[in-house]
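Each of the two complexes below includes subunit A, the first together with subunit B, the second together with subunit C.
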Partner chain A sequence: MIAYAARRLLSAVPLLFFLSLFVFLLFELMPADAAVISAGENATPEQIEQVRENLGLNEPLWSRYFDWAGGLLHGDLGTSLFSSQSVTSTILERLPVTASLALVSMVLVVLIGLPLGVMAARHPNSWLDRGLSSFASLCMSVPPFVLGLLLAVAFGILLPWFPPTGYTSVADGGISGWLSSLVLPAIAVAAVPIAELARQTRGSFLDVLGADHVRATRAKGMPEGSVVLKHGAKNAAVPIVTVLGLQVNRILGGSVTVEFVFALPGFGALAVRSVVQQDLPMVLGIVAVSAVIVVVVNILTDLSYGLLNPRMRR
Partner chain B sequence: MRRRREMTIDEASGATRERRRLRERRGVRQFVANRAAVVSVCFLLALVLLAFLAPLVATHDPDEQNLLNKFQSPSAEHWLGADLYGRDLFSRLVYSSRVTLLAMLQGLAVASSLGITLGLIAGYAGGVADALLSRVSDAIMALPPMILALAIAGILGAGLTNAMIAIGVVLAPPQFRLARGAAQSVASETYIEACRAIGCSPGRILWRHVLPNISSPLLIQTTFAAGVIVIAEASLSFLGLGVQPPQSSWGVMLRAAFDSIYQAPWMVLAPTVMISLTILALSTFGDGLRDSLEGRGRTRSKRRRERVESAARSSV
Partner chain C sequence: MTDVLVEPEVASDPLAPVLKIECLNVDFHTIDGWVRVVDDVSLVVPAGTTVRLVGESGSGKTVTSLAAIGLLPPDTTRVTGSIRLAGEELVGASSARLSRRRGRDVAMVFQEPRRSLDPVFTVGYQIAEVLRRHEGLDRRAARSRAVEMLDRVGIADAERRFGAYPHEFSGGMCQRVMLAIALACRPRLLIADEATTALDVTVQKEMLALMNDLQDELGVAILFITHDLSVVAETCDWVNVMYAGQVVESTAVDRLFHEPRHPYTEGLLAAIPDPQRRRLQAIPGVVPAPTSWPTGCRFSPRCDYAREGVCTSGAIPLEPAGGAQLTRCARHAEIELKGVLA
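Let's look at the complex of A and B:
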């Protein structure tokens, strides 16, 4: 297992290196010029030239890349073009909000998606199964921010049960204030992942519960509950974990629009603001951080395969 | 002389043409039997018709302002009410379907031309080109699509075309992988070698002999990509990076509804319904296509793997 983990971790190194190169070059190819943006609208050509020199943009491409990538390794992503604040600290300030949103959504996804999927698999083609499948299709057709708008109107404005905008940290409003500011956005972000997880769970359990070894446990008189949980769950887990891992990607993407709708000061809202301002170092940092998050989650997913299924450790 | 020989080889590559025709007919029958898929096709056709006939269907000029009607709720005069400037929301909704179709065409054009062309080249040529292009495709797939699309669209500058270039780049990798795989797997087949021997250009080989092999998975992939584009257009326009007001799109209408959410919360409903129905229709259509084109000869575990993969692809 340790060898497997080490191999998996090492294989991420070239990917991360290539990702950093790709992202850097992508931004290099863009028509936006950091010096022009930073100097402001009424800058003279001399001023722009001065800013360019100050930002180090006259250095050759490769030396700028190594500067940036070297900083990345130290956790230094450069400085915002507008606030002269460090990109790293701005992102770190915002991450707890998004992490809270992701946490609450993930809890909803697992608590709702898994049981729904198992229930559908226990009674395939029943009205429950068909109803759940239609419900899942419907959930997947509403983009997160649209669902967010609907929820904000329904449960924030028409029925004022939850605050329609704003974020309350645990320090300010305690656990209940924190949670109530996150309920609506978390449902908006979680709806599609719930549907997807339920579908995947149903499929995996259907496969496993039809297998011979499960029939054998039933035949020897094992109670249905332990058949499903002990023999079903373990074998159905790998594809379910795969889909769960993919949802982190989805939640990160969904947070962009949903945080905007609910005015949550998180990572996604920062992305929108920086993109609108064309704050190049900030956008570059955001893309880099989200890439690292995704790569780390993928590694964790792969490691969990090793835990769940020893055959996969090879 | 050369021409005649080449014809025979073209025929040899489709030696089972008769069998293929029978299979196609069975596929069509299977698709028609799928009621949900047929309904979705009808909905999508109606949407195209609506876009073309927008001036006939709309009851008002979509940009005509009349401040007396500000935030008027739905009535006989304004079927879906009026917005902040008193513009008729029904007419705006109808005209917005044009933007959705345009966005789909642009986004798919970028995704397919990049993905398929580069994929065929990478798979056929192999070597350095393949290694490099595959790395780039992996890199794009490793990034959260929405964040990458947002970054590219924002830095190219706000506007529908730029937004669709961004989303096209993000959606290209699945097409790239399909095309690359197909080109790679047939590159060493005898009939390709025969084509090469009689002097077909690589372009012709890829176009006439490789591409037709993957036309059905590409079609399915394209349908799902269209759904992602509808979401992306709505999201980017909502954030102010896609379609620019006063031009209208469903995303722009949602933004207008969001900006006046306390005065006229019902404005959210109409664009929501249209966006969701369109996405639902596209995904149902895609499922129907997949079942009828690839329904046979697939094991359950393979289908499951495909589901996982398509979940990965469609995440924005």
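Let's look at the complex of A and C:
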């Protein structure tokens, strides 16, 4: 198991290297010129040339990559073209908001998606199963920002149960203030992941509950709760955890637009603003941080396979 | 021995049947409505004996055995008649009540040992689990009893193998573990559903010998389900032959081989591979599906002895054919059937 974990972690090193290279080169292909953006609208060609020199944009590509990647390793992602603030500190400032949103969304996904899927699998083709399947299709066909707008209007304005916009940190509003500012955006972000997790859970459990070893476990007289929630769950877990890991990416993606809709000062809203402003170092930093998050989540997912399935520990 | 609640009727009579199935009908819910798959089956397993249920695939033997252990899904099956396990009626019993009987009074070993063990739990855990469930043992006591059971079914180095996973075991070893799970709580009845079919012939012999030993030691009755008559000859007291959801012949094992009284049994005997004969004989045709059982004798379309009228009009009853032997053949008195080992 330790060798398995070590191998899995080591394999992330080349992955992260190629990822950083790819992200960097992608931005080289963009038509935007950092010097022009940074120098401002009324700059003379000489001023622009000066800025280009200051930003090191005349250096060859490989040298600029290693500068940037070297900074990345030390947690230095450069400086914003607009606020002249460090990209790292701006991202770190915004990350708790997005982390809060992702956390509440993830809790909703697990607490709603898993039980729905298990119940549907216990009674296939029942009204509950059919209802779930329609609900899942509905959830998947509504983009998060549309759902966010509808929720904000319905439960923020028409029925003012939750604040329609804005973020309250735990320090400012306590747990309840923090939570109520996140309920609507979290539902908007979580709807699609809930549907996907419920569908995967249903499928996995349906397969497992029909397996010979589950029948044998029943033949031992194990109570139904143990059959479904212990033997069933551990056997069904690998594909469910896989889909759950993918939902982290989906939640990050959904938070970009949803944070914008709900005016949450998070990572996603920062991404939208930076793209609009063509703040290249900021966008590059955001993409790099997102990519690292995705890689880390994937590694954690892979490591969980080893814990869940003894046949994968090699 | 642990205290087991026993019905007074059974406690007073050690020879009372441990399993008594009477007029059992099982219907499956399909898209075409309810379809009968087991039709008026009666059979008895006396305590401590071995009774075989023989028939081709699709004859209803597995469904009968699943009904006897209460494992048919309640929402898609309908069970009527009577199944008495150690005197207790199982038809209509609540699922909680059935699950307390399973593993303690009646246990089952299945055809595919590798697929019948849970792949993500250790074999030791799976044995200990049943002991903790039915005998209320704590973790440590259950563990030591499980190691004992592993040792008893012939797993070498049982203490160390307790923590092994099923994929680290061969098929034969997995079936030994299944047997350890089944017999851990010393049930009165063991149902072995094609328990040796998937194993190599040599492993099969070892398993049969082990089951015999354990039967003598624990006094457990065995309902042995198989399609292979050559296994029947090994050890068995009574045989029930099933065809298309019905018992067609019920007899002591020596009578079955010497004097079969149903043409289907004769066909099965002729199909046993015999090195003396060059060609392998087979019964022509296949078992009809439950939706297309013929009226009258269900075997008549495949039967050389069938006569229009007597065999094809009306249901054929299961009748005595000398002593305790029963047959469901309308012409059993007039035809001469060949046995083997004569």
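Quick note on the criterion: the second predicted complex is superposed on the first by the 314 of 314 C-alpha atoms of A that agree within 3 Å, B and C clash if a C-alpha of one lies under 4 Å from a C-alpha of the other, contacts with A are read in each partner's own complex, and residues count from 1 in each chain.
Methods note: contacts are C-beta pairs under 8 Å (C-beta built on N, C-alpha and C of every residue); 3 or more make two chains touch, one makes a residue touch a chain.
Model, not experiment: these values are computed from the prediction.
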Subunit B and subunit C placed together on subunit A: clash or fit? fit
Query = Touching A:120 in the superposition: subunit B (first), subunit C (second), both, neither?
reply = neither
>> With both complexes overlaid on chain A, does A:72 touch subunit B (first), subunit C (second), both or neither?
In response: neither
| In the superposed arrangement, which partner chain does A:239 touch: subunit B (first), subunit C (second), both, or neither? | first
- Would you check which partner chain A:250 touches, where first means subunit B only, second means subunit C only, and both and neither mean what they say? first
Query: Thinking of the overlay built on chain A, is A:199 touched by subunit B (first), by subunit C (second), by both, or by neither?
result: first
Under the stated touch criterion, which partner chain does A:140 make contact with: subunit B (first), subunit C (second), both, or neither?
first
*For A:287, select first, second, both or neither according to whether it touches subunit B, subunit C, the two together, or no partner.*
first
Inquiry  = According to the stated criteria, A:223 is in contact with first (subunit B), second (subunit C), both, or neither; which is it?
reply    = second
| message | With both complexes superposed on chain A, which partner does A:22 reach: first (subunit B), second (subunit C), both or neither? | response | first
Minimum Cα separation between subunit B and subunit C after superposition, in Å, equals 15
In subunit A, both subunit B and subunit C touch residues none
As the complex stands, subunit B meets subunit A at residues 135-136, 138-140, 142-148, 150-157, 231, 234-235, 238-241, 254, 257-258, 261-262, 265, 268, 272, 275-277, 279-280, 283-284, 300-301, 304, 307-308, 311-312, 315-316
Subunit C contacts subunit A in the complex at 69, 71, 95-96, 99-104, 107-108, 110, 112, 115-121, 126, 129-130, 133-134, 165, 167, 178, 181
Residue positions on subunit A within touch of subunit C in the complex are 211-224, 231, 234-235, 308-311
In their shared complex, subunit B is touched by residues of subunit A numbered 15, 18-19, 22-23, 26-27, 30-32, 137-138, 140-143, 145-146, 149-150, 152-153, 157-158, 164, 196, 199-200, 203-204, 207, 239, 242-243, 246, 249-250, 252-254, 256-257, 260-261, 271-272, 275-276, 278, 280, 283, 286-287, 290-291, 294-295, 298
